[in-house]
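For reference, the structures are reproduced in the following blocks.
Next, two complexes with chain A in common: one pairs it with chain B, the other with chain C.
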Partner chain A sequence: MTDDESSPEGEETGGEGPAESRQRRGFDALFDSDAIMLLALLLGIYAVYVVGGVVIGFPLRGLVNQLGQLTFWIAVFGMGALALNLHWGYTGLFNIGIVGFMATGVYVTAIVSKPVFGSGTSAAEVGGLGLPLFVGIVVGMVAAGLLGLVAALPALRLRADYLAIVTIALSEIVRFTLLSDAVSKGTFGGYTIGLGGGDGVILDFADPHEAFVKALSAPFDLILGTEDYLWEEIYLGVLVDAAGAIIRPNPKPVVDNFFYAALLLIVMGGFYALLRRTGNSPFGRVLKGIREDEDVTNALGKDTNLFKIKSFVVGCALMGLVGILWFGAQGSVTPNTFRPRITFYIWIALIIGGAGSNTGSVIGGAIFAAFLFQGPLYFKNVVETVLGNPEAPASFGAAMAQVGAGDVVPFLLYTLDSLRQLQLVIMGLVLIWLMHNRPQGMLGHRKEIASSIPLSRPSAPAETDDGSVATDGGDPRE
Partner chain B sequence: MSEPESSAADATDETERPSASAGDDVETDAAPLQVRDLRKEFGAITAVDDASFDIERGSLTGLIGPNGAGKSTTFNCITGVHQPTAGSVRFNGEEITGLAPHQVADRGLVRTFQIARELGQMTVLENMMVAPKGQVGESLWRSVLPFARRAVDRQEEEILERAWETLEFFEIDHLADEYASNLSGGQRKLLELARALLTDPEMLLLDEPFAGVNPTLEDRLLDHVHDLREQGYTFLIVEHDMDLIMQNCERVIVMHQGRILTDGTPEEVKNDEDVIEAYLGGEV
Partner chain C sequence: MAASDIYKRGRKLTVDRPVTVFLVALGVLLLAELVRQLLFGQVAVSRVIGVVWVGLMRGLVIGLAGIGLSMTYSILNFANFAHGDYITTGAFSGWSVTYLIAGGFGSRADIGALALVGAGGSVFGGTLGINVAATPVAVVAGLLVAGLTTVVLTLGIDRTVFKPIRGAGGIPLLITSVGVAFALRYLILFVFGSDTRGTTAAGSLPGIRPYIVDGTVLFTAHDLTVIVVAGGLMLGVHLLLQRTKLGKAMRAMSDNESLARITGIPTERVIRSTWIIGGALTGIAGFTFVLWKGTLSFNDGWLLLLLIFAAVILGGIGSIYGAIVGGLAIGLTAEAAVLWIPSGFGRAAAFAVMILILIVRPQGIFSGRSTA
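Up next, the complex of A and B:
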């Protein structure tokens, strides 16, 4: 009877007040530490690059371009790793067909958003539907998601390894379809569209960042009665102009690259927020349950197939978006860009960071981009400039000729010159080393609790150690 | 707060616990689980051979038999892991034959596994919180969209509270933040039972819950099972250990070579010639 009176109160005070403050503290603390960690990492990477650039006496233009490139790759691989983390890190779905979903995304965007055939000055072989780029991006994502659904429906009932086979096969099917002459060009309902075959397609839609700024400009235009105010006045008038003071001549491409990369970094932030939210929820908890033991999760009343399909489709749509943002700003794409190599880049990024952790995914993407992807080439640049661009031996034989005599310089120069080719070897070695020494990645096996609220004890812990609780089962503590 | 909360506490307990409300309609159906002529063939092998039995509400029934008698296969057919070749399974009057495991669980018939299967790289508390039914936050949109998230959070607080209480009941609340893979074998069994309870089951099917559990923990588990049965849960337990079943169950079903050998009180079963034959004399 005392129980009846006091338990609601106990719940009130114990369950809400402190829990809420604890929640805020816990969330902030975690977020702070993660945000600080990420920020420190990024600053460190930039510092290394800037120092390297200063050492070789890069002109400012070159340095800014390098940093813009770096930012672009960090964002792209960060986003890719985040999307893959939803599949592999959370749900345990072994997707090695990432590049197929990227290709689907960017090609469908191209079809939807390329200008209509024959219109304007475009010399493109095939046209598109001429719809705004934003429509194209959404449709591209939906298409990648649908392709994921098609792959998932039969394959998710199978065990993990079969999904892997299906996905890598699918990504190659996508590539060969894009290569095919049969669908390279055709007329449908008055539109001349197609996938362009082996020549690829020219992406002659608006530059994504330009389209973005112009779209943002709409409310300003409405008020000020201007046209593309933000783009014309602010972006071109202020930003590019200001850059012109230090970067000349022709500052616009440099600003464009940097601005686009910064934009992608923001989109990556969006990915992070979305996936973190997805993970820290009952939905994410079920996904983790599936990863750990699907049968058990199913036996607890969860429709695991449905959860797997949802997770897979969302991840695929995000991969489609990564493809669009990665390749959509490049002017043109060809099918053979989309080889499985790209898939494995993203896998390496995720493994470096630690599957299962969103923060780890971003860290992995950044480290991969900075030190394995762009790093070796930058290093080559720096060393070559420091050495005054020496002539490297033309062949392996020539490189080895002097080694016997104790002169290793030609060999080292040759190695340096071949760094682009050696890049994949380095990645492989890093992967092997990681697998042996840190298979869980830099941040793996961290307790990122899948719950929308912090899981601390709802009531004061002082009352818990009496035996009465154990005797009467699950009634609220008094 | 150690003094008499006996009857009052139990009363509130009954009303608060959704599963117990199901115990209110005892009169509608005495046998929530009815298995009729259940048959499962794997190729030429008949693992379950026309097994029929009823499980009464609120009872603690043991299902025993030598290795390969078809106990686990029977379990798997009831819970949807296997599709039975023939026969029917009814739960609370509803045909559940051939439903998927999650559909069976959703109807209040929840199982545990022979080898404790914890969700290893999740904390004990996370393990618990996966279980409850009808979580709004299991919808992706509700979990992600800001305005819908508040309802999710509110429900999460309730679930969290229940999870803690259940962990305390099983006296493993000190392990709440541990990864489940760090638990000992016996603690995993406790966790598995605790987790199953959070799904608000009416009936629990425990597949060898005492295998590999030390005697002290075995007693604790048994105490919990008896407590829960008094609260209105129905149990069907598969077990190897004849003595344990005989001492604790009010009814025992004996299987042998896929068939139901006998079905009765421990006393009856103990004196049954066929059972003695199967266990002591017969081909095992």
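Up next, the complex of A and C:
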């Protein structure tokens, strides 16, 4: 369950005969560059969506919106899978309470960054501390990490399946807490804050992307003496106006969607860089050692518990951030959004891509988002439009009654209409199929060089010996 | 002298096992708080008894469903997350039959609506007058069909899904079972719809309402049904595992599968028997649970699953008595917790108990006694 993102091409084949090596190199070269593979996959996905949209004559606005949505989901599931990869892929921690950490992140951010109760025109039930959004995000991440710490301190000693049950129970405890009336509203130090109970909370802080652009424009404002230069002049003045040439009327929501999704892609790049850096560091090597054999790692003098706790806390904080970015731009959240189902979405994404591989995580996130999460709904849209939005039977019974009369069309329509539910059946079947046929995922189990320097001999034309890899420190053998 | 001995032992205990001491102290504190509330009349004695009774009933169902989970967990070595949806499957299949019989096979309502357990509010259990006293045949038939369907389902899923990756280890099997759970649950949703339906006629249900100290407590015929069904099945499983070769073979397998096979135990046959027993108990538990609480929805089993896990872990994985005692303890905790903490945290309290047990005594209460 390992990968090799850092090594120059050819290392994996270093121990093979030249002919075979060359052949494999030719084949691998196509896929050696993870970036190219990823790019090809993304382009393919977008092409499929565009073709689907053109077939049904989607209006341009709808198509663009659809692509923005798709990008958003790819980024969200990519980030989620990357964060989970730190737990499961690197360290072997079986965390199925992801959604609890996401919820913690979102809710704490809401409390910190919502405007103070009673200020402005907000109709929100509860207020917040009114701090800037980036403070809220940081505090939300810290809170998710702290929850992870609380869970990790006792639970990491447990077997993997026990840890699984503890984490999923914890995520449910978080949800019950959010649902509870006991903490839905209260006054602390003059602030009316709370979790909102079953009604959820209204996220009436600034739009994340707007806040981001305005924060970026601070240096420009300082020099030019303007206010929110980037937002007012560049974003609204140039970007939105340019989009207005193609999409009218009111291009701003479309641009907002796209811009936010692109922003998330950049954050996902940050996740990727962080994980790759971690994986190649001595710290990451200890984590992988723990994954392979904790006792041996312990015997080598590493405090494995400490390493596991650190890995867990960092991963949980990242999951908190994913939650914030996912739900933070939606205007409001309710506790029952945070059901364990979301946890399994991210697990499926990671398993598709291959645990242990960062590129795999992103690819898994993209495939999951495009074909399992958005795909069925898009397919449903396309088919329904092609068929001219036919009326589907209201229930399985009604559909079956007509099958009994020899007419299968209503049943097919009912199936199509129920795709939103059936897509979870598809996900379950895909998961089973993967565990049967490719448990390591697409990019899992790649060979990994433990050394930080290349081990292949730079130029060894006469290397036609037994083909063994140097195990003696690399000195030429006689 | 004696006093200093006690002091020394107490001190040693505090140093060696601080968590245990803390838990005992917490328990004493909670009891004292309850007594205080009772004495000052803030909570009625009858309410406490009622809550405890409901908790025990729920606990019996959890324990009954937990036996199957515990057996497969110890023999196949994986936590089966599809177990909750086996419960749901049992409940829906059994209730479909109960509706059909109580509805006179279409004479009192549309037969399709009956078979789909009144999907979309097309027919109500209350209208059909279903309860154990009014329609005993329908209920017993539903009970049997629930068990039978679940056995067939578990065997089928084992053959197609779990058997091919039997040796893959606990975690891949766990992940696979999550896939099974999703597929099953949403297939049920696809067929039966998402509405929560009332299944029984509570009005005509016989019961007694004795006056205890300061109020009445309700005991119904469905409580009695739960006790008879769960108690009888638990006794039966106990005898089966204690008195037959199968029980011995199961114990041997959960200890060491390779050794069991070398000794000549037909391991695959034992696994099949495990699924049959576990599946039957699970399906019947699902049916009984719905009979007792009077509502049915596609989420029921999944919502019960974590409580069942809690019960099984609390009792010790592989132990039948553990599952029963754990079930009672967890059911009681989930219900009675509302006496101390805000309602809505009942299940949270049960999960917290489970997490505490995992930390303090991960092998459970009845550890070291596998499969019996």
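Everything below uses one rule, namely that the second predicted complex is superposed on the first by the 406 of 478 C-alpha atoms of A that agree within 3 Å, B and C clash if a C-alpha of one lies under 4 Å from a C-alpha of the other, contacts with A are read in each partner's own complex, and residues count from 1 in each chain.
In this section, a residue touches a chain if its C-beta (ideal position, glycine included) is under 8 Å from a C-beta of that chain, and two chains touch if they have at least 3 such contacts.
Source: prediction; values computed, not measured.
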First (chain B), second (chain C), both or neither touched by A:L179: second
Per-residue touch tally on chain A - higher for chain B or for chain C: B
Partner chain in contact with A:A160 - chain B first, chain C second, else both or neither: second
Partner chain(s) touched by A:L422 [first = chain B, second = chain C, both, neither]: second
First (chain B), second (chain C), both or neither touched by A:I432: second
Contacts of A:R285 with chain B and chain C, given as first, second, both or neither: first
Touching partner for A:I266 - first (chain B), second (chain C), both, neither: neither
Set intersection of chain A contacts, chain C complex versus chain B complex: none
Chain C residues touching chain A - in the complex, by the definition given at the top: 78-79, 110, 112-113, 115-116, 119-120, 122, 161, 164-165, 168, 170-172, 174-176, 178-187, 189-194, 306, 309-310, 313, 342, 344-345, 347-348, 351-352, 354-355, 358-359, 362
Residue numbers on chain B that touch chain A, as the complex places them: 1-2, 5, 8-10, 12-13, 16-17, 79, 81, 100-102, 105-106, 110-111, 113, 117-123, 125-126, 129-131, 133, 135-140, 143-144, 149, 152-153, 155-157, 160-162, 164-166, 168-169, 171, 173, 176-177, 179, 195-197, 199, 227-228, 231
Chain B-facing residues of chain A, complex: 1-4, 7, 11, 15-16, 19, 274, 277-278, 281-286, 288-289, 291-293, 295-304, 307, 310, 314, 356, 445, 447, 449-453, 455, 457-458, 464, 466-470, 472-478
In the complex with chain C, residue positions of chain A that touch it: 94, 154-155, 158-162, 164-166, 168-170, 172-173, 176-177, 179-182, 344, 347, 351, 394-397, 400-401, 418, 421-422, 424-425, 427-432, 435-436, 439
